[in-house]
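A, B, C, D and E are the chain letters, set down in written order, and residue numbers restart from 1 in every chain.
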Amino acid sequence: MDALNQLPLSIAAAIRSLFGDSHSIWADLTMDVINIILVIVLIVLAALILILLERKIAGWTSQRPGPNRLGPHGWFQTIADALKLLGKEDVTPAGADKFIFKIAPMILFALPMMTLAVIPYGKGMSPIDLDLGIVYFLAVSAVSTLSLLMAGWSSNNKYSMLGGMRAVAQMISYEIPLIFSLLGVVMITQTFSLSKIVEAQSTVPFVVLQPLAFVIYLIAGIAEVNRAPFDLVEADQEVVAGPFTEYTGLRWGLFFLGEYGNMTAVAALTATVFLGGWQGPAILPGYAWFFLKVGIIIFFQMWVRWTFPRIRIDHLMGLAWKVLLPLSILNILLTGLGIYIYDLVLRIGG
Amino acid sequence: MNFSVGLSTYLLVGAMLFSLGLYGLFVKKNVVAILMSIELMLNAVNLNFVAFNRFLATDRLIGNVAALFVIVLAAAEVAVGLALVIAIYRSRQTTNVDEFNWLKW
Amino acid sequence: MFGKGLFTGLGITLKRMLQPNITEFYPEEMPKLPPRTRSSMGLDPDKCISCNMCANACPNKVISLTSEKGESNKKVLKTYQMNVGRCLFCGLCTEACPTGALHVTQQFENAIYEADELKWDMIQRARKSGGKEGQA
Amino acid sequence: MSTIVFFIFAILAVAAAWGVVTSQNIVHSALFLALTFVGVAALYVMLNAEFIAAVQILVYTGAVSIMVVFAVMLTLRGDVGESSPENKKWGWGLFVAGLVFVMITAVILTNADWRILPGPWTIQNSTAALSNLLLTNYMIPFEAAAILLTVALVGAVILAKGVRENK
Amino acid sequence: MAVERTEELILNMGPQHPSMHGVFRMVVHFDGEIVTKIEPKVGYLHRGLEKLAESRTYPQFIPYTDRLDYLASPHNNLAYVLTVEKLMGLQIPERAEYLRVIFAELARIASHLVFIASMALDIAGWTAWAYCFRDRERILDLFEMTAGSRLTVNIMRIGGLSGEPPTEFWPALKSFLDDLPEMLEEYFGIFYGNEITQARLKGIGILSKELAENLSITGPVLRASGVNYDVRKAEPYGIYDRFDFNVPVRYGCDSYDRTLLRLDEIIESAKIIRQAMRDIPEGSVMAKVSKVIKPPVGEVYHRVENPKGELGFYIVSDGSPKPARLRIRSGTFINIQMLPIVALGWKMQDLVAIFATLDAVLGEVDK
């Protein structure tokens, strides 16, 4: 079991040992390249699986089998769809701001890659172990607003522009409760480093200590990745497809990859910060626990998506500013009080 | 010639950003563009603060603190500035500073 | 309590998620259509007495048939054309048929590639299917 | 290695800043501004100020998005290509900006104290040190900044929303 | 304070737009997300049904009425054949009367199920949509086994019905009615009871009683504004006076009440069907009608309570087998005129929801 647990690390050490000096710059560079490739593979794989899972869940909730033609139980459906997207014509609308139009999906796709690079997938298994993991994560994921806005504006389509405007309003509003809800955990652990936060949860995951923050983060996280019931950005019934209206083929596919990548990233951060990351009983290796927890969060997001109607924009903003923000501030206050009392008890007791 | 990155190199980058911001401040007609130019200048100043901190005060973080305050100020400035722009736009239907020649709106 | 409805909804979808599917697996399993389903028309040329009732009943002039006098002065059907492109599939023609020569069939796979194929030669179709299709 | 990285990002920042002030399209200007911020943030990282870099991206992407939104909102749709025109005094602007640049450059290049390479960075946990500093030595400015932000935002809301006149 | 003005956004919603229920088109002026002006444009599905009728014989026009409100085609059949029968002074057999009521009310339930589905879909409740369509299938199966078609049923004939329902019809109908309360509970759980739905619909799109009456709005939209008016009660046709049922009325005047009223109507329709099943006599389903129908010279108007509103046919006969003039008064075409008035000042998402509460079927609007 321990060998299984350490398997990725052993592989990494083996690769490093191929070089004369296992910490030479070339060894580091090789490992970085391997990490980058692994993260890209992770996103593509996650998107392939999640798109299928989403459609399966959409089917199951309405008593349908979901995709079931290609491969066993339709497992190859997404691959076929990806191939179809590859074969589609790449349309750039007349009057579009061509460069921005073309670069926007790439930015959205690059962001989850950058965020997933700092997640600890197992003990000592962060591709990059930053001291400022959480801050970095939030800063990078904030840029996705800009990419949606770029896509919306450059399409030269009023529906796209409305979608882009909605993206700005929604994502900037929800970033605040999102950040504040994470502060409670940071206060307890006194670090921004994700791997240290995971290690601090060896006895009890922070969902127990910070239930309110967990709920806030879950809600704000769904809103941050624009999923139902907060999918106002690409609300089909109102703004057709929002910023993605004019996109076709592979560029549209990149948006899709980006969306599912972002979803994975948010779920990964939830699992890391609140559910104990790779910590878990030793029946499974650490990374298996991690992906299991991420899977549960993603399943919950999909379950919610296929149950709830879409929220209205003023309620959306009201929820962020009037409910989640005060609650998250209250959470910070309570956490501070709790830490103070805990210290006091420790001082009296010890 | 020594290409190592010293303090003066950082300061030169800051100076370039500052001058470009100043130029934009002079020539731009659109208020939003002028706000952007101011942002550029503030960034240049921030860069200087952090650079000085890194090179001249390696054991203290006063430059970083100053930079943080500048970011806060910039945020406040953008918020108020844009609010003013929208208020003016409502009554004058323009974002051109040359036409902001009334002292009231 | 606020939020009760949200959880009720989640419960319903979870329950349905665990229940078996109700999908019909067409085309692996052909749907069992009731005998009255008006999916297409079939003609039994032997029964047809060329009375033209169907053509008169049709709201959209889909049916055109010609006949010639055979032996013992009875009309014999010569051609029977249905321009299905204009057909409403209302079934008025089959109701009007006094002998049951024209009947509805459950053959619903009527998609074709060429517009010309929309002109059905009913006698030919009857011969091709050997009178098997859609014994209503 | 770090020299190359520095020049990549420095050139990126300056070039993007050039784009900000020369672009006739206000939305392009704003997006160039975002690029400038990214470049400057990278320079912060090279200056061991990771926290400032993260805050820079976090705060300024929001600011830039809002600026784009405003630019779009306040611009008639058809002529966005010339939404950020330049006035006739560009010669003066060029002159003054150039003069300032020359002056600053002269000061920088003549000051021998500043011609130094980075020394060892002694502060281990700079974020924690920064927070300690903010909540001890700079307590008053910190709180003042907080109040300033609040006041500014409330003021912004009032300005943008407009005060209803009592009838 | 100076005049407040920001750049107005003119958005062309439709004819191809995901929430336009077909090919409705409206040019909407927005101030941000707020609707300031709506110009509805109809006619993208115009097929000239009224003119077509002049070149068809009376029975031949029945399939065309299917294409009016294609979600409740037996109702359109009923309205048309009742008009012609009124013109001819025809009496139809008792059993046919009862069967007509059963099919009309089944069609009402089917239509309202589609309404709930599309309403849910327009505020992005995908799964509620799937459930409603799943249950509507059972009604369509009933139609199919009786008349041979699911959507354009073409079941009524001048003088009766196209045929007697098969034997398996009655148990299937009974089991559907037995399952109906459970289905409604499910819709309530996933759609009506959801707090997001209620927040989206409650208090939105107020159609006051006065406005509704002045615009001659009919059907559930009118009854949700607190007017107790139903043609089945006000001017009973067929044998509707024999049944004991309530006309559900709600007083909220908002989108939520308009939506909920459909649920009430499903319950009442089920009640009517149960009574009709109990009382239905044996006998023929078709009166003695000559092969060529030639009504006497004259003109006649008859109206029925369609699921969407009041559906009336006006026929002028010159004694020939074809109507000299036929005019259709369709419910949603009239109802839709409330949209530019009621939806003003609401947000874009409310506009979509308010339009959905009208339950517009473009076949009926554009004729």
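Criterion: a contact is a pair of C-beta atoms (placed from the backbone, for glycine too) under 8 Å apart; a residue touches a chain by one contact, two chains touch by 3 or more.
Note that the structure is predicted; figures quoted are calculated from it, not measured.
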Farthest-lying chain, centroid of Cα atoms versus that of subunit C: B
Pair joined by more contacting C-beta pairs (A-C or B-D): B-D
Per-chain Cα centre nearest the global Cα centre, belonging to chain: A
Separation of subunit C from subunit D, taking each centre as the mean of its C-alpha atoms, in whole Å: 71
Centroid spacing, where centroids are CA-atom means, of subunit B and subunit C in whole angstrom: 75
Centre-of-Cα separation between subunit E and subunit D, whole angstrom: 60
Mean-CA-position distance for subunit E and subunit A (Å): 45
Residue list for subunit E, restricted to those that touch at least two other chains: 4, 6, 127, 131, 134, 190-191, 194, 196-197
Sites on subunit C at which at least two other chains make contact: 6, 9, 12-13, 16, 22
Subunit D: positions in contact with at least two other chains: 51, 55, 66, 73-75, 162
In the complex, subunit A residues that touch subunit C: 57, 59-65, 303-304, 306-308
Residue ranges of subunit E in contact with subunit A within the complex: 9, 11, 17-19, 33, 120-128, 130-131, 134, 190-191, 194, 196-197, 199-200, 347-350, 352
Residues of subunit D touching subunit A in the complex: 25, 27-28, 31, 34, 50-51, 53-55, 57-58, 61-62, 64-66, 68-69, 72-73, 125, 127-128
Subunit C - residues contacting subunit E, complex: 2-6, 8-9, 11-13, 16, 22, 33-34, 36-38, 57-59, 88-92, 95, 104
Residue ranges of subunit A in contact with subunit E within the complex: 58, 61-64, 158-159, 162, 228-229, 231-232, 235-240, 306-315
